[in-house]
Structures are given as structure tokens and as C-alpha cells.
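Inspection log for the structure reproduced underneath, given as C-alpha cells.
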């Protein structure tokens, strides 16, 4: 089965690795600026599908189908984001006689409509937050007459990935937030419909990984906690969830299984819940695709979820049984993003001028980085995921801390230091976090030893000195370039 | 003898490099510097401790330094230059809204002549799949809108220019 | 407990990682050329202990003890090689009031004398190859009168790490091999004594990982197979061993436990056996230290052996019980060496000019590499270890293959391609290997597609062309150096 | 027009680079080359396939190329140079024993005047903890011993020189 990967970045690399391990030939697709991207030259073949804007490349259904046709690909893996939740894409793939590595078009049509998903979940017996099953009308003042408690969430019906969501604290804010959510949703999903949902205060985000064969055989592969979020983007995820007890876990699995069964669910999916301070679960949505945070589940269970997807598609049956799922230890993932913590975490661009990737026991790194790689503003800012496994949560945290310190990226600002500060915070280490944690988290001021700033001053003064008065001994111009490049000059200052 | 004024965060150092000797604020330092590779990876050795630093020269005298999972910006000025202008750099003009990152202008909410309040959203920019609302740096009147929705902008590009209200 | 690591390279990094994860302060020691080594700047403190020759640095007991004294280190981890099996070093460390992270001096004195270890193993009831318990005398002709079958192994009594061993095929060869073994042993261990041992034809190398507290509590943490050897150096290792059945495993564990008990064994150790074609086990030796190949045991069992050593030393008790040892799946390690397959695998030197380390699911990399690192002839040629885990042996092989292809090292020749060829050989994939496998293994001639050599020709012609006639547009000299370095010029040849 | 003769393994290519066109053995190639970073990492793109190569220039016209887990040596000669001397490089002198790798001379087994047989061990060298026995490349008489036990030698250093036996 020749697999076309309709995605880029680390998830494209992740899927290509699974295919390569299974001996499956692969096709990458790429946009013009991604000609130099690692995923483009990691596949057996690669096809250009358009210019930089995703709408003309990674969201360009005809171009992707044409690439599959041209290369003879027999299956399409959509990854996450881009077209992964798009029912039209799934349908077009299947109508072209290809295997779509994900749920059926009917499932995607339902999960892509948050209100329809809510309704299906309610009918399957899952706990749903109150609210009507219809979109909010144009006149928001009308709804203010109804029973509505603030703060309230404004959510895009076609939303996903944390986009198209706004929080209104008061009736006065509602109009502004509805229009902001509509605008973001329209731009992102082509649909500005929104609905309102009560805010669960200080909730934790808990989700269940599901693998199902579309014929009623459903496996729950453990839960994940993803409460560490910034701007509704998950930043740190772990499995299992802190303080989970077996009765709550059974309830979670039971909910997820019932929903998957009702949807005749096929392939990988994630059923997301909020866990209130009162211990109550509330269904949020179902993510019908591989998740960014899937590696924590893989490390704890010793399974390969992408290979499982591929095997399921090829053989029609689940590649393992409930008895094969034997969780061990604890795994935590941290997302390394190209962003500038010094400037309010705005996305940053640059080139990977220096790269030292962490390794050793219990560390997995998923990335599409290579030395020299350009980091552009065209796509999302995820540079790498570091996943640490340990026999228990403190051991996993200790390994994650160690590996974040080992990870050296020069040339583009990252959130590496911020991630270290989060996992070192007493709230995180003691498991007392909820989805609002990062709203108020202030990293402690570093008690720098004097040597830190001093060392930087020396090194930069030295570099400036070298620029002004390069060592006159080896004559610099022309061939000196090679000497610099290959021999790495060594200059010493000593007493 | 060459003197460098280095600013790291809110700390200032006077580094004096004379032949192969190094002084900080007049005190001789027993440090040794080794360039580890051609990509500006530097090893700074003291007697029993050492530190690996990656230096990325940005515009002019600014270096982004990555070391032990942290990233710090340092400003280096040589003695002569520093003696002339002691941190005379003008603050960013209050009346200009600049793009904080490269990206796509998703929406422009104002047009020339509009009165705006400080903090009011003027432009929405999209970058790396994130949308950000860019707000007025001051209250006033829109003097100029330099971009259109759909424009691709570089970091630092002028988006909107304001002028103080006349009354 | 402040820990001094008396080693270098990947094992020093491995130990420093364990200490850092446990929050223990660390001290590195280094020789002059290792001032730029990763282990030197990965520890909290580092002390220079001498010039390049190991005899004056990493084998320099007074210098290491002085470094411990100067920094206030409370424990010493010897790693493998160097002083790790040296009873005098262990004794000196303990007499200085420090913790030696390894067995007692008495154990090391015994394991360092192969004949004494044989005798102890025989007394503990282990199966020993026939032969006298005394060294071979000066007159080898004398022994030829006795019952001696050829081929026969000549082994150094003080030997270790595969050194000081020669194979004599006939009485005519014996003198030459004895003198070669004596010479190598004298140079390596300062002791030229040798003994003879019958050769077990087509044997497999099987070893048992032991962890014991010195007071009779002994855990066997699975077996490893290390039959893929070249010049008696292990190249590829795995756990579990291929085709192992539970009765043979129980027998192995029983042997290892009985020997450990007899020696009042403390800390980590490995009991090594040959497994003959007839299914008979023969004790070889006991390695009283962490092994290069320990990560395969860690990955299968989800344990951290170095942390276990440290915890045992600090708390006096084993950090886990037999019930905690729950093996899962299969792990295989490949040693990436700086050597030139094109020239008979002689050690190679250079600089790490390009480095792309494999990652993703199931892959662990232990190394001390960084971009720009010099590879000198001063120490051994181990650059990195790649360890792949999978749910079964084929899955582990598939991941190892994929990660060896991902691993890019420019600037120094390596055995990466050879490793791929070995794991792709039918003998390896079907588990039909013994310790003589690599003696006769010939990698199949690559059926290169035409594109391979053609692509190399284009790229190198292009590079030569660039050197001769650099692009005239951006003026090259002086500042062009920066343009080259930072912007990475891009030149295109197209139709 | 610039012509390069490239030898890769036992295969020879005639590469012609003319402005921005590329010919191999006279046939135009639709290839595109991109330098990925300043450390000689090159991307070679064909229409649907591509290859990342790391080039390490060694002495003169020799490149060590690393790609997809393999390492290959390529010889490049420009047209003019190649036209002059078609592979006229002298083979390594048969009467010299050279160090195959950098290392320490552990033992020297012969002295000047000794008669030796081809294959006889002359020197033991130690490198990266391995001992290797270096053998006589021909039968003859030891003319010169260029090193002493304990000497540190570079790769290619002359160790022992032989001359043919006189009878």
C-alpha cells in the first residue's frame, strides 16, 4: 500500500517513519517554500502542490488528489490540522478509490459540526453541558433574555484546534466576542456560525484515546491530561492523568466507548472531556484524527498508533486486543514552539543555526528539524515535541526537565525556557493545575548567579572583538572562508 | 586595548580585551574561550566550570545568545561608539502600529480619519495559524493605513499611523 | 551525594544524565584534548586530570582522587573500561572515604583474574570449560604433550573487553599466538599471563544482567545476546535473546544468581556465557560494571540501571523488587563507530561537520556528539549507540533499520552502512548467528540504482564548480563570509 | 562551459555545467541544487525525488559524500586538469610501510638490515584502544626504521622502508 502523506512538519515525519518501518512506499506533498523541508526529502517521492498559502497547497484537495493519481498512491494519511477533519476531502479520497486513513466521511461530517457532535454524545448517554442544539442567531441581545450565566464561552460550530473560541465575561462583552469568534471561524473554517456554552470554572482537560475498526470493536488506549494550555493551545500533555482513580477511568472509557459505538467509529479518535472541580465530567468534542499528543499514549502502552491505523486499513481488523494494552509508567510531552517569550510569545521566524537534540534514557523527540532549516511564518510554530517517559510522574518530570535543558536551538527564539519553568512550578509538580493555569502563571524571576550574565558579556564582547579585529595571522579573505568553515578556528584568551 | 560595553538584561559590563588578556570592570579574568564549530558555538571555560553558548549576531551590535536552554539578548558597543551615544536610541514611535511578527493581515478595522481609543483593535494579523489583535498604542485619529487585508507583511512593517486628536 | 564520573564519552554523559535526573551534583574529569568534550561541559564542575594518554589521565588514580578531594565529591562512578574493573582504584576510592559505584575491591580482585573467576564459578556450580586453574608456563611445547585440542583460545588472565585473546588453529600457531596475546595483555593490563581454553565452535554469546545489594538480595534483569562481534568487540546486542525458552532462561538466571551470591556481589554486574550449538551453557567471565549494551535491558524492562546503582549506594537497598521487573517487547542496540569500512574498518578521525540524529517512536540515542566535535585517535572509536525498541524482534529491527538510515554523520567515516547491512542479512533477521558470524559475513554488493552515483557526481561537480567560479553577483570577499554563514546561499541549476 | 570528470566508485561521469544548465555525458538534466546550510549540506531535487548530501572536501579534488546512511568517495577533476593526466597517480610505493591510521607505535619488531618476508609483522600500532599488526608489503631487507616504540604517528606516516634482497 503506497501512502501519500497530506501534511508537513513533525507529523508528516512521524507518519513517514511508520510507513518506512512497515515497508510501505511513501509520497510527500509540499508547498513551494517546503521544497527544502525535511518531510519533502524523507519520502520516496514528493509532489509540489502549490504556493505557500495553505489554501492553495495543503488545503488544495484537487492538487493532492492529482498527486496521488500521478504517483499511484493507494492511501492518504491526513495527519492533524489541514484537511484531517474535512469530510469533503475524505469523501473525495474514497471516491477516487483510495483509502482514507481516518474515520468515514459521515463521521467527519458529524464531528465537524460541534452541535451535531453534542447531540450525538447526549443521545449516547454522555454528560453534556446545557445549551440549545441550534446556532446563535444574529441578534445576540435576544439570547440575553434567556437564562444565561456569565462568563460564557462563544464557540465556533465548525471549530477545531482551539480556534474560533472566545470567552465573554459579561453581557457587555458578548457582542464583541461573538463577532471576534465569528470572524476567526469564518477565516479558518469558512463558516462563522457559533453557539454558547457555559464555562466550567477551573476544569481540567482529560481525553480518551480510542482505536476502533468501524464494526463495533473499540479499544480505549488510556487517557491523557492536557490542562496546560495557552490561548487554548495545548502546551504540555501527559498520560495517565494525575490522580486518576480506576472508577473515574472506567467511566471515561465507558463514555468514549459508547460514543464510538454510536458513531460506528473507525480508526483513531480522541474523545475530549472537561473534569470539573466537583469531579463531574463534561463531554467537549471528538477529535477524529491522530493528535499532536499521541506519543505519550504510545510510550506508556508500548504501541505505535500510526502503524495501528495503517494495519487496520490494510487488514480490516484491530492489530491488538485489550489484553495487549499494558500501560507502564508515565509520559509527558512538551511542545517546543518558535515563539518569543520576551515578546508575549508571538510566533518567531529565523533559521536553525545550531541544533543539539536531547537523547538518552526515556526521551523521544519528534521533529522535522535539521541544521540550517528555515523557520517561516507560513505554517504553525511547532518545532519539536519532547516526550519523556519514567516509571512514575516525578521520574518523567525529572527526565523532561533534563532533556529541555539539553535541547539547544540557536537562530530562532523558542519556548524552551518557559517549558522548564512550567514543569518546575509547584502547581505542576503537585498536579494542581487546570486549563486556566497558564492565564495567570508568572515564571519566577531567575535568581541568576552572577556568572550567567557575566559569561554572556564575555562571549559577546569576544565575538564583537573578533569581528572588528580578526586574528591577523592566518590571512582572512578569500580562502580563509574554507579555513573558517572546515577547521573551525580556535582562539584563546587566557591569563 | 579595546573596551566593550555589554548590556545583558538590566546589567552592564565593561569588558576590556587587551591582546590575550581579559578584564571585566577592571578586574582580570581567568577565562578561556574556544570556538567549538564554524556555526558560532563557543565554549567559555573557567577553572572548574564551563558554559557552551551559541551566538547569533542580529542587527548591528545585538547578539541572541542561547545557553543551557535559555535565550538572552546582549547589546555590545565598542568603547568609541559607546562613548559617543550613551543609549540614545529613540523609543519606538508611539504613534505607529508596527507588525510584531511576519504574517498575513487578516483584517483592518479602521480607515483614515477614524477616531480611536488607546487599546482599540486596529488590525488583525495571522501568523503560524494564530490570529492576533493589534491594538492602538495611543488614542487619536488614524492618519494613514499603510496595508490592506490580505497583505503579507514583514516583522516591523508599518501598519497604521495615528496622530493626536486635535481638540 | 556529589558524584564524580571517572570516564568520558557516551557513558560519562549517560551517568551525568542519571545524576541530573536525581538532582545529584556532578563532577567530570577530563584530559587535555577533552577540554572541548561534551562530558566536560555537561557536568556541574570539571577537573583537568592530565594529558591525552589514558595512562596519565583516565587511568591516573592519584589525579582522580585529587579531583574528588578538591571538589568535595562523595562518590565515584567508573563507567566501563578505564579504571572500572581496577581493584586498586576501588580500594583507593573507599579508603579515601568515598563511595565506589560498583562492586567491592575483593570482587574486582577476583573478577580481574580470569582463572580465579573460573574457579569461583566452578565452586558455585556453574558449567566451566575444561582446563587447569594455573597460567600457561613459559614453555608452550610442554603443554602440547598434554591433552589439548585445536583450535584453542589463548586468553589473558587479566583480560577484559575482548583484548589479550588469540585463537591458535594448530600446534604450529600456538607459540605465535601465545606471544601475541602476552604482548597485548602486557601493554593493556600490565600482566602478560595467559591460559588456554577450548574453543566452543559456533557458540552464541548470552549474558545475564545482575543487580545485587551485597547482602544476598539479587535480581536478574533479563538476558542479552551479543553474538554480533568483530575482533571480539560487540557490535550489535539485543534483549531478550533469540529463541530463548523459559527453562533455559531459568537456568541462566539460576547460574548468575548462584555466582552473585557466592561473591556477595554488590551493584551492577554481568555474567557472560557461551551457548553451544548443543544447547550447553559455558561460563566465560563476570563483568563487574555497567556494560556498553545496558540500554537494551533498560528499554525492555522500563528501568534505569544507573539510577538503580546510585539509589542502591545511597539507600543501601535495591530500588525495586522482582515483581517490578516486567519485560515488554524487544530492544536492539547498534554501535556507531568512527571507522572506515572501505579500509578494513580501521579507526578513523576527523570532525563532526554534519550531524542529524534519529528520533521518533522507540528510538534512543546515547552519544557524546555535538556539531563540530573533533574525533581523535586518543580513545576508543564509539561515537554513538542507537537503541531501537519494538513490540517484537521484527518491529525492533525495522525501527533500527529506519533510524540507521536517518542518522547522518558528515566529516568522519562510520560503520553506519555496515550496521544496516548486518541487520538486513537473512542470518541476522532469522536469528541464525553466532560469534563467528562477522568473520565471514560479506555485505551483498549494493544493486545501486543508476541515480545514486549520478546524484553524487552532480553534487560534487557542482561543489567543485562553486569553488572555481563562485557566484560573482554578491561580491564574495570579506563580508561575504557572513552572508555564506548566516544566509546560506542558494544556487540553482535548472533547465 | 566547464567540464568535470567525476569518478564515483568504479563509475565515471562527464558533468558539464554551463551557466545554469547541467549535462551528464552530453544529456541535459532537469536537476536543481539547493544549499541547505553553511556546512555543505546539499539538496539535489529531481522532479519527484530528492536527495540530501553532505559534502566534505578532502585533499584536492576528493570529496567524501554522506547520503542516506552511506558514505562514498568521489574524485572530481575539471576538464583541463583531467585532459592532461588521465589517472597518472603513482600507486603507493611497495617498499614502504605507512601508518594506516593515527595512533601510537606499540612495538617495532625489526631493525635495519633484517631480512623480512612479505606478510611478516614489522610494527604494532595502537589506536582507539585497538592493536593492529602491520605487515611487510614485500619481501626484502629493512633499509630504514623511521619511528620508535611509543611514538605518536599521523595517518600515512612512514614507519619502515624496505629494499629488495640483493641476491
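We just call them A, B, C and D in the order they show up, numbering each chain from 1.
Note that in this section a residue touches a chain if its C-beta (ideal position, glycine included) is under 8 Å from a C-beta of that chain, and two chains touch if they have at least 3 such contacts.
Please read all numbers here as calculations on a predicted model, not as lab measurements.
Novice: C-D or A-D: which has the larger count of contacting C-beta pairs?
Specialist: Higher C-beta contact count between the two pairs: C-D.
Novice: Distance-wise, how many Å sit between the C-alpha centres of subunit A and subunit D, to the nearest whole number?
Specialist: The mean C-alpha positions of subunit A and subunit D differ by 48 Å.
Novice: Could you grab the centroid distance between subunit A and subunit B? Build each centroid from C-alpha atoms only and quote it in angstrom.
Specialist: Going by mean C-alpha positions, subunit A sits 29 Å from subunit B.
Novice: If you look at subunit B, which of its residues touch at least two other chains?
Specialist: Only 34, 36-41, 49, 51-52, 57 qualify.
Novice: At least two other chains touched by the same residue of subunit C: list those residues.
Specialist: Expected reply: 353-354, 370-372, 405, 484-486, 488.
Novice: If every chain is a node and every touching pair an edge, decide which shape results: line, ring, star, complete or other.
Specialist: If you draw each chain as a dot and join those that touch, every dot ends up joined to every other.
Novice: In their shared complex, at which residues does subunit D touch subunit C?
Specialist: 2, 4, 6, 8-9, 11, 13, 15, 17, 20-22, 24, 28-42, 44, 46, 49, 51-57, 61, 63-74, 76, 78, 100-104, 106-107, 124, 126-133, 155
Novice: Going by the contact rule at the top, pick out the subunit B residues touching subunit C in the complex.
Specialist: It comes out as residues 34, 36-41, 43, 45, 48-52, 57.
Novice: Please output the residues of subunit C touching subunit B within their complex, sorted ascending.
Specialist: Listed in rising order, the residues are 35-36, 40-41, 44-47, 71, 370-373, 482, 485-486.
Novice: So in the complex, which bits of subunit A are touching subunit B?
Specialist: So the residues of subunit A in touch with subunit B come to 81, 161, 163, 180, 183-184, 187, 231, 338, 342-344, 346-350, 353-354, 371, 376-381, 404-411, 413-414, 416-417, 420, 451, 453-465, 467-469, 484-486, 488-495.
Novice: Per the contact definition, I'd like the list of subunit C residues that touch subunit A in the complex.
Specialist: On the subunit C side, the touching residues are 13-14, 17-18, 20-23, 295, 298, 302-304, 326, 328-329, 351, 353-357, 359-367, 370-372, 389, 391, 395, 398-399, 401-402, 405, 476-478, 480-481, 484-486, 488.
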